[in-house]
Structures are given as C-alpha cells and as structure tokens.
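The two complexes that follow have subunit A in common; it is paired with subunit B in the first and with subunit C in the second.
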Partner chain A sequence: MFKNIIHNKMTVVGFSIVIVIVAIGILSPFIITADPMEMDLYNVAAPASDEHIWGTDELGRDIFSRVISGARTSLVIAIVVVGIGTVLGTLIGAVSGYLGGLTDSLLMKVMDILMAFPTILLALFFVTIFDPGLYSAIIGVGLSSVPRFARLVRGSVMSIKEKEYVEAQRSAGERKISILFRHILPNCIGPIIVQATLTMGNSIITVAGLGFLGLGVDPGVPEWGAMLSDARSYLASKPAICIYPGAAIALAVLGFNLLGDGLRDALDVRQE
Partner chain B sequence: MEDKNIVLEVEHLKTSFFYGKKEGKAVDDISFKVKKGEILGIVGESGSGKSVTAMSVMKLLGNTKGRVVGGSINFMGRDLLAVSDKEMRQIRGKHIAMVFQEPMTSLNPVLTVGEQIAETIVVHEKVSKKEALARAKELLDTVQIPLAEKRLGEYPHELSGGMRQRVMIAMGLCCNPDLIIADEPTTALDVTIQMQILELFKKLREQYELSIILITHDMGVIAEMTDRVMVMYAGCMAEYGDTATILKNPRHPYTKALMKAIPRLDEKQEYLDAIPGVIPSIFNLPEGCRFHPRCRLATERCRKERPDAFTVDGRTVCCFKAFEEVKESL
Partner chain C sequence: MRYLVRKILSLVVVLFFASIICFLIIHFIPGDPAQAMAGPGVSAEDVEKIRVSMGLDRPLVEQYITWMGDIITKGDFGESLINQEAIGPLMAERFANTLILSFCGIFFAIIIGIPFGIVSAIKQNSFIDLATMGFSILGVSMPIFWISLILILIFSVNLGIFPATGSGTVMHLVLPTIAIGLNSLAVIARMTRSSMLEVLRQDYIRTADAKGMPYSTVILKHALKNAMIPIITTIGIQFGYLLGGAVLTETVFVYPGIGRLLVNSITRRDYTTIQGCMLVITGLFVILNTIIDLLYHYFDPRIKKA
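Coming up: the complex of A and B.
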C-alpha cells in the first residue's frame, strides 16, 4: 500500500505540502519574526523589507508571522471539524448499516435532512442560534460533515457484514457489539481515512469562508479567511496583503485534496 | 426414552424464506439425528437446502429473510428453538462450532490468526488473553500447523488455503465443542489438501469423540468419511440412513441418479449419466414429489401426492416407488 502511494507523484506532492503545513502549525511560535497581533500604525501596508519579509497589513502587522500563525488556527479548526465528522459519522453509519431496518431508515432520513443544507448555511445557523464565534462555527461545519461520513461508513459496513468472516464470528458466538467494532469497522478504515483527509481540505475552506463573513475567529486572531476579509478593501492598491493568506488557503486545501485522492487510489483498490 | 448418546436431534424441521408475500420453502420437513462421535453427511445439489439446514440449527438465519417455521431442534436435551438469543450465543462456538466453505474469506483480514482464535476463547471462557494465546498455539499444533508459534502472529493473507482451513478448524475446536458443522469444508481446496483436511476431521473425531455434520456435494467424501448420510433434494429429504447401505443399494431414484452421475474408473464410459433438468426454485416448487419432473419412474401419483417418509431397516426413503419395491420383496 505504501508503495502505491509513493508511486503517484501528485500524492507525494500533497503529502509533502501537508507535512510542511503541519510542521509549520506545530512550530509556528519559533518561526515567526514578529508578534502577529502587534499593530504598528505608522507602518501600515508596507512593502516587503528586511524587517517584514512579506510586508505589513492594513494595521501594520507582520504578514509573514500572521500567515504562519494562521496555519495553527486553521489546522486545529480542521482537525476538530474532521474529528466531529468522523466520530459521529462513523458511529451513526456503523449502527445504521449493521442494524438495518427501521433504525437505518430513521438515521438515514436525519442524515439526508442534514445533507440538504449547504455546509456554510448550517454553520451560519449554528453561529446564529448560539453565540457567534469560533466554537459555534466549528460545531456547525463539523455537523454538516457528519452525513457524508455516515453514508460512507454505512455502505462499507453493509458490504462487510455479509462477508464470511463476520458470519464465522457470529457462528462462534461473538457478541454483536464486538463483531461490529472489532471485526467490521477495522475493515472500513480505508474509506474513512480518505474521507477525513478530503474533509480536512473542505473544512479549511469553509472556516476561512466563515472568517471572511466575520463569523469565525475573534477579530485580530490570525486566521487566513479573516485576514483575507480584512484586507479585501486594499485588494486593488496593495494586493500583497490578500495574496499571502489566499495562497496559504489554496496551498493547504490543495495539499489535503491531493493526499486524499492519492490515499483513495491506494486504499480503494481492494488488496484481494 | 431419551438416548444419552444423541447429540442433536432434528425433527420435521421447516425453514422458509419470505420475500413479501412469497414463501420459499428452503427446508421442508427434515428429520435426522447425530450420535456422539458420529459423522453425518448431508449431500445434495447446490440449492437443495443443505446450508440452510445448518444455519437453522445454528440459528443464524436472523440476518436473512429466512425463518424456521416448524419442527424442533433438540441439542443435548435442550430445545434450541426455545432458547434465548443470549443462551444461543453461548451455545454457538462453545457447544456447536461451524467451519465454512471458503477459508479464503472466513478469516478477518485485519486481525492476526492468534488474535482471532484467542478472541473466540475469551468470549466463552474466563481466561486471560495470554492464556488464550497459549491455548491458540496448542490448537494450531492439534490441527497440525507447523511453526505454530510463528503462525500465531501472522495475518490470514500470509497463509495458504489449506492452512487457513486448519485455522478455521482450530477456531471451531477452541472450546471443545460437542458438535462441529462443517459446511463444504473442502470444496475450495485442491484434492491433496482436501484429503489432509478430511483426515484431520477423522482424527479429531476419534480424539475428542466429536460429532460432525459434514455438508458436501461430493459423494466420494460421503463414502470416505461418514457413518450416516442424508440425501437432500429441493429442501426435502430423499433418503437417510447408514452410508454403506445407501451407497451400496440406493433406494430413492435421486440417490440412484446421483450415484450414476459419478464418473467411474473401473468402467469405460462415453458419457456421464447426468440427471436431466435442473433443481427447481424454492419459490416455484412442483406439486407432489419434488423430484418428479426429473424422475424417470414418475407416475401420476408422484405428480399429485407428496410421498411420506418411509422407514425400513433403519433407513428412510421418501418415494412411493421405493415403498412398492420393498412391499414386493416382503
């Protein structure tokens, strides 16, 4: 399997991008050259210089440091979103697929209803009914990724529960719950990993989108979407302020998507 | 009078599959007994209800549209149709074990052989994982897998087909069951491995006084292995009795036809004597005797009435013709 991944050059590119971004996210305090929150109103929208290698933004903050710090914010958000989606989605999908019947119909109807709303709308809904802020946004985006996981896992579970080794476990007197969690779910892990990786990319975009609408992080906190939003009025005169966070979003999403596609190709081809 | 030696007694078992209002009688009125240390063979074409009979005994039809609709299954004095799901779970694996046809797909690809065997032990007995693994190693020795210690840590894809079937048998044996139901255990294996596995079954039977139900469609296996045999056709019993008697002198036209369809080494044959036609679908069974459309001896009566089980000299035959012949000879 590892060989398959290495074979595909685009996957290697995606994997490298993801590794770099994760490394930056972890090590960001050591990389930044200035405090990303500190304003310098005498030096707004300055071009690149020795002191500020990517220049400063509309409030005189160091763009390089803000983009680097933003990696951590975006990654943490994406990981939490994917965590919510994976855990809830897998549970719902597994129960639904394994039990079938009425339980299955009911759970899947709920999932269909959730799926009917666009991610950003659902996130807006949560931001509106709870207090506007990062947590509501994360929950909203996370929940809207649940149906996809649930559908996926349900399908896998349904096909794997018919396998002979599951029947063999049943004939050995194994309990339903341990058949599901010990014998069926580990065999569905491939598609779950792929979906999780692809969702990482999507949720970075969605959260950036929410930040752009001013519904994500608190003002001032370095977050790519919010940075883009704040700088958009300077797009014509000082495009640099927008370009760096924009490029960061594009690169991160590209990395996760390439990795996800590669993993799908490597994992989906059933080894048998 | 209950015979202590009888491990399993199935009486008038009827199992049907339901699709909407359609009822498919997959097993219709089957009775048989398995004594301690005895090997019972169940033989028949594909679709004759052999596996469904096994699944009914194991009560594993829950996930299908099938259901036992009549009869009784008595296992060591307990009515299996009456026990709760929880009790049944304890019986499965501990008292009745099952070995499946496809050793290639009967093992979970993501768990090691040792883990899988140990798990079955842990489910049924209060032992630590470590003890269970030690037992697993002994079991692999019992089923004659070389380098058992090493094999324990291997994944199913690292084993050959014959080896996997041995692992399956080891899993079946792990709680010293009273009965093993082997559903075509050698069909997927090549002939030399087949023989080894069958020899293993024989040895285990002697060693542990195991009762075995051997499901197969291979008359050679039946002749080689079993003490008693039940020939099934379209969910019905055709003939049931001592293997030697039945093979030497089959009474039911279906058994006779089956015997004729076996290629012989001692005679020159241009063509194999195949049985004309195919087995009927369970949703579209013929009236009367289910074998009549393919039977050379069928009469008007066979088309209308279903023959009762008729027992003579400890052998049961479901055929009017067999009855007539015997009557003549009396």
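Coming up: the complex of A and C.
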C-alpha cells in the first residue's frame, strides 16, 4: 500500500501540501509577524514593506499574519465538518446496510431529502435559522456531507455482511452490534478515509464561500473567504489583498484533492 | 418503464418533503415566527396583526396547504416582508437570468472541455495532455469567487475589455460565464479524457482504424459516441453544481439572478422570499438529478441502481 502511495508523484505533492498546511495551522502563532486582529487605521492598505511583508488590508491589519492564521480557522472548521459527516454518515450507513428492510428504506429516503439541497443552500438554510456565524456554517456543511458517507458505508456493509467470515461470527452466536463494529466496519475504513479527505477540500471551499457572502465566521476573525470579501473594494488599487487568501484556499483544496485521489487509487476504492 | 415510474414517484416524495422543509424555515427560527417576521422593535399589537395577516395563528398543516396551494395553482409565492412586492413575478425574472447564466456556463464548459479532453486522450502524455490535466486539477481547486475576482482584475481593471458588474448586454455575461463554468470545464475535460482512453483501448477502434477509415471518423463517430455516456452524466451533475455556484458568482458580479436574491433576502431577513427562492432552486436541483438518473439508465440499461 505505501509503495503505491509513494509511487504516485501527484499524491506525494498532495500529501506534502497537506502536511505544510497542517503544520502552518498548528504553528501559526509562532509564524505570524503581527497580531492578525490588530487594526492600524494610520496604515491602511499599505504596500509590502519590511514590517508587513505582504502589506496591510483595508483596516491596516497585517495580511501575511491573517492568511497564516486563516489556515487554522479553515482547518478546524473543516475537521469538525468532516467529523460530523464521518460519524453520522457511518452510523446511518452501517445501520441501514446491516439491518436492511424498512429501516434501510426510511434512512435512505431521509438521505435523499438531505441531498435534495445543494450544499451551499443547506448551509444558507441554517444561516437563516440560527443567524450567520460559525455554528450555522458548520452544521449546514457538515449535514450536507452526511449522505455521501452514509451511501458509501451502506454499500460496503451490504457487500461485507455476506462474506463467510461474518457468517462464521454469526453462527458462533456473536451479537449483531459487535459483529457490525468489530468485524464489518473495520473493513470499510478505506472508502471512509478517501471520502473524508475529499470532503476536507470541499468543506474548505464551501465554508470560504459562506465567509465570502458575509455569512460565515464572525467579523474580524481571520478567515480566507471573509478576507476576500473585505478586499473586493480594493481590487483595483491593491490586488495583493485579493491574491493571497484566494491562493491559500486553492492550495489547501488542491492538497486535499490530490491526496484523496491518490489514496483512492492506492487503497483501490471504487467511487459512485 | 417500471424504473421510470419508481423514479418519478421518488421525485414527488422528495419534492414534497423538501417543500415542507422550505415551508418550515419560519417555524424553525428560535422564538415566535410572527415576531421574527415583524423584525426587532415592533409593538406587540403589530406583531399580532402580522400573525393574523400571515395566517400564523392557524394550524401548521393548514398553513402549509395554503402556501403550497397558492404556489401550485396561482404561482403565488406570497409577498416580500420588506416591500410587500409579490415574490412570484420577481423570482420568475431572476430565475430566468440565473438559467441564462447557467446555460452559458455549461455551454462554455462543454465546447472547451470536450475538445481538450479528446485531444488529451489521443495524444496521451503530450504537452497538451499535461497542460489539460494540470489545469483540470487546479481548476476544481480554485473557489469560484476567487476566479471571479481574478477575472475582474485582469479583464475589467487592467485591460478594460469587459464590465466588472451589472447585466443587460452580452458583454456583461462574458466574465460571469467563464467564472461559473471554469470548475465544470475542468471536470468535463478530465472525464472526457479518461472515458476516451477507456474506449480507445477497445478492439473495435483498432478494427475501424485498420480498415483505413479516416482517423477523425474513427475518433468522432466510433470512439466519442461510446465515450459519451459518462460525459453526459458528468455534464448533468455539473449543471446541478452550477446552481449552487450561481449564488456566489451572482454576488461577485452583482448579477440579478435568484442566487443573489436569496443572499440579499437572508441579510435582510425577508423570510417569505427566502422560502420561495429555496423552494425553486431545490426543486430544479431535484428534478435535474432525476433526469440524470433516467438518462444514465436509458444509455446504459446494464446499470441496476438500488
């Protein structure tokens, strides 16, 4: 397996990007050169200088420090989103696939209804109900990732539960729940990891989109999408404010997408 | 045929529940729906007036039937909470604009994406192939709103060729079309390439080629025709994504579509308009997905979908 992963150059590139972004996310307080929240109204939209290597934004905040801190914001949000999707989706998919019958039909219908809403629309739905903010964004994007996990796990569980070794456990009198968690689910881990990696990339883009619409994180918090939105009016006079946060989003998403694609090939996972 | 009936039944069920969810938005908001609709700082008397005029004092089921009934029979989505304008006609106009933009976007993605995908497949590992693949990987990673800003920066601010915002002329459509279509272009090019590679390996292609047929005929008539199934499905799925992307693109370019109407309504807490926009976008999205499933089934009956 690891031979396969190393074999593919693009996967290595993706993996390296992810490592760098995660490292930046963890170490951001040590990398930044200024307080990302601190405004300096005498030094608004300043060009790059020794003090501010990428210049300052429309409120005089250091762009470099804000982009670096943004990595942590985006990663934390994406991890929570993927957590919601993985846990809920795996549970629903496992129960659905293992029990079958009416439970399966009902749960899958609920998933169909959830999938009726495009991701950003579901997020906007929660923004409408609970007011714009971090939690609405996380719940919306997280819930919209659940059906994909559920369908994936359901499919794997359905094929694995017919295998002989599961049959053996069943005839040995092991309890259903223990068969499911100890013998079936561990064998579905490959597809789940691939889906989780790809969902990381998608969540980063969607959450940044909400931030861009002004419906994401609270004002002032260094978040890439919101930074791009604030920078819009300075597009002509100071394009740098728009370039860096966008490039950061693209790089992070690229990393997770390449890694996800590579893992899919390495783990030999089929996708719908 | 049985598949068709089952799919349409399923469509109706999903649409029904989705419409209930859209309807319930007002009731999901923590607190009193009439108060939420009235907004802050309104007297208790006025809140009561709104409760009665909006029918919020009646049972939920009755409210839903009235709301949905008016929409189905009269195309009446109610009135905006902000300016008491009828939502239906406004939404129809905005929705038409969004459809124009989406069609332009998907058309742009198809006419560029498919040829590049074909050339990549024929000349595998050539410069064009590597460039197309590199672009298709980058293309899906770039957020649509960032692409939009960069397009404005290059073509409006620096070169001054296209207007940055607004609508009304063909020139206004160019940048939003590229912005909204670029992600799909990347996906379609990649899908075309891998589907063509798969087909080109088949024996009948070698036979056709060996018969001395012109290579262009082999590629376009024999190979592409058989490679189209997954490409058409991809196009359908991408068209669905465009509807979500429209929310962002329309906001950047200040384009009067339904996505921008929705975002503006959310910031203004215009709940009746939000309900209408959500219902229309979701409805189209669900219908579209059903059509894709049916097409897929039609083109390749071997696929048995659970």
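Basically, the second predicted complex is superposed on the first by the 268 of 272 C-alpha atoms of A that agree within 3 Å, B and C clash if a C-alpha of one lies under 4 Å from a C-alpha of the other, contacts with A are read in each partner's own complex, and residues count from 1 in each chain.
The rule is short, and it goes like this: a contact is a pair of C-beta atoms (placed from the backbone, for glycine too) under 8 Å apart; a residue touches a chain by one contact, two chains touch by 3 or more.
Nothing here was measured: the structure is a model prediction, and the numbers come from that model.
**Q** Based on the superposed arrangement around subunit A, label subunit B with subunit C as either clash or fit.
**A** Result for subunit B and subunit C: fit.
**Q** Kindly classify A:9 by the partners it touches after superposition: subunit B alone (first), subunit C alone (second), both, or neither?
**A** neither
**Q** Determine, under the contact definition given at the top, whether A:119 touches first (subunit B), second (subunit C), both, or neither.
**A** Touch status of A:119: second partner only.
**Q** Is A:175 contacted by the first partner subunit B, the second partner subunit C, both or neither?
**A** first
**Q** Of the two partner chains, subunit B (first) and subunit C (second), which one does A:109 touch, if any: first, second, both, or neither?
**A** Touch status of A:109: second partner only.
**Q** State whether A:183 touches subunit B only (first), subunit C only (second), both chains, or neither.
**A** A:183 sits against subunit B, while subunit C stays out of touch.
**Q** Given the touch rule stated above, what does A:163 touch, subunit B (first), subunit C (second), both, or neither?
**A** It touches subunit B, and subunit C stays clear.
**Q** Which partner reaches more residues of subunit A, subunit B or subunit C?
**A** C
**Q** What angle, rounded to a multiple of 10°, is defined by the Cα centres of subunit B, subunit A and subunit C, with the middle one as vertex?
**A** The C-alpha centres give an angle of about 100 degrees at subunit A.
**Q** What does the superposition give for the shortest Cα distance from subunit B to subunit C, in Å?
**A** Across the overlay, subunit B reaches subunit C at a minimum of 16 Å between C-alpha atoms.
**Q** For a test of understanding, state which residues of subunit A touch subunit C in their complex under the given definition.
**A** 10, 109, 112-113, 115-121, 124-125, 127-130, 132, 201, 205, 208-209, 212-215, 225, 228, 232, 235-236, 239, 242-243, 246, 249-251, 253-254, 257-258
**Q** Under the definition above, what is the set of subunit A residues touching subunit B in their complex?
**A** 161, 163-175, 178, 182-183, 186-187, 271-272
**Q** Which residues of subunit B touch subunit A once you look at their complex with the stated criterion?
**A** Against subunit A, the touching part of subunit B is residues 58, 60, 63, 89-94, 97-98, 100-102, 105-111, 119-120, 123-124, 157, 168, 171-172.
**Q** Over in the complex, which subunit C residues touch subunit A? Could you list them?
**A** Interface residues on the subunit C side: 10, 13-15, 17-18, 21, 25, 28-30, 137-138, 140-146, 149-150, 152-153, 157, 240-241, 243-244, 247-248, 251-252, 262-263, 266-267, 271, 274, 278, 281-282, 285-286, 289.
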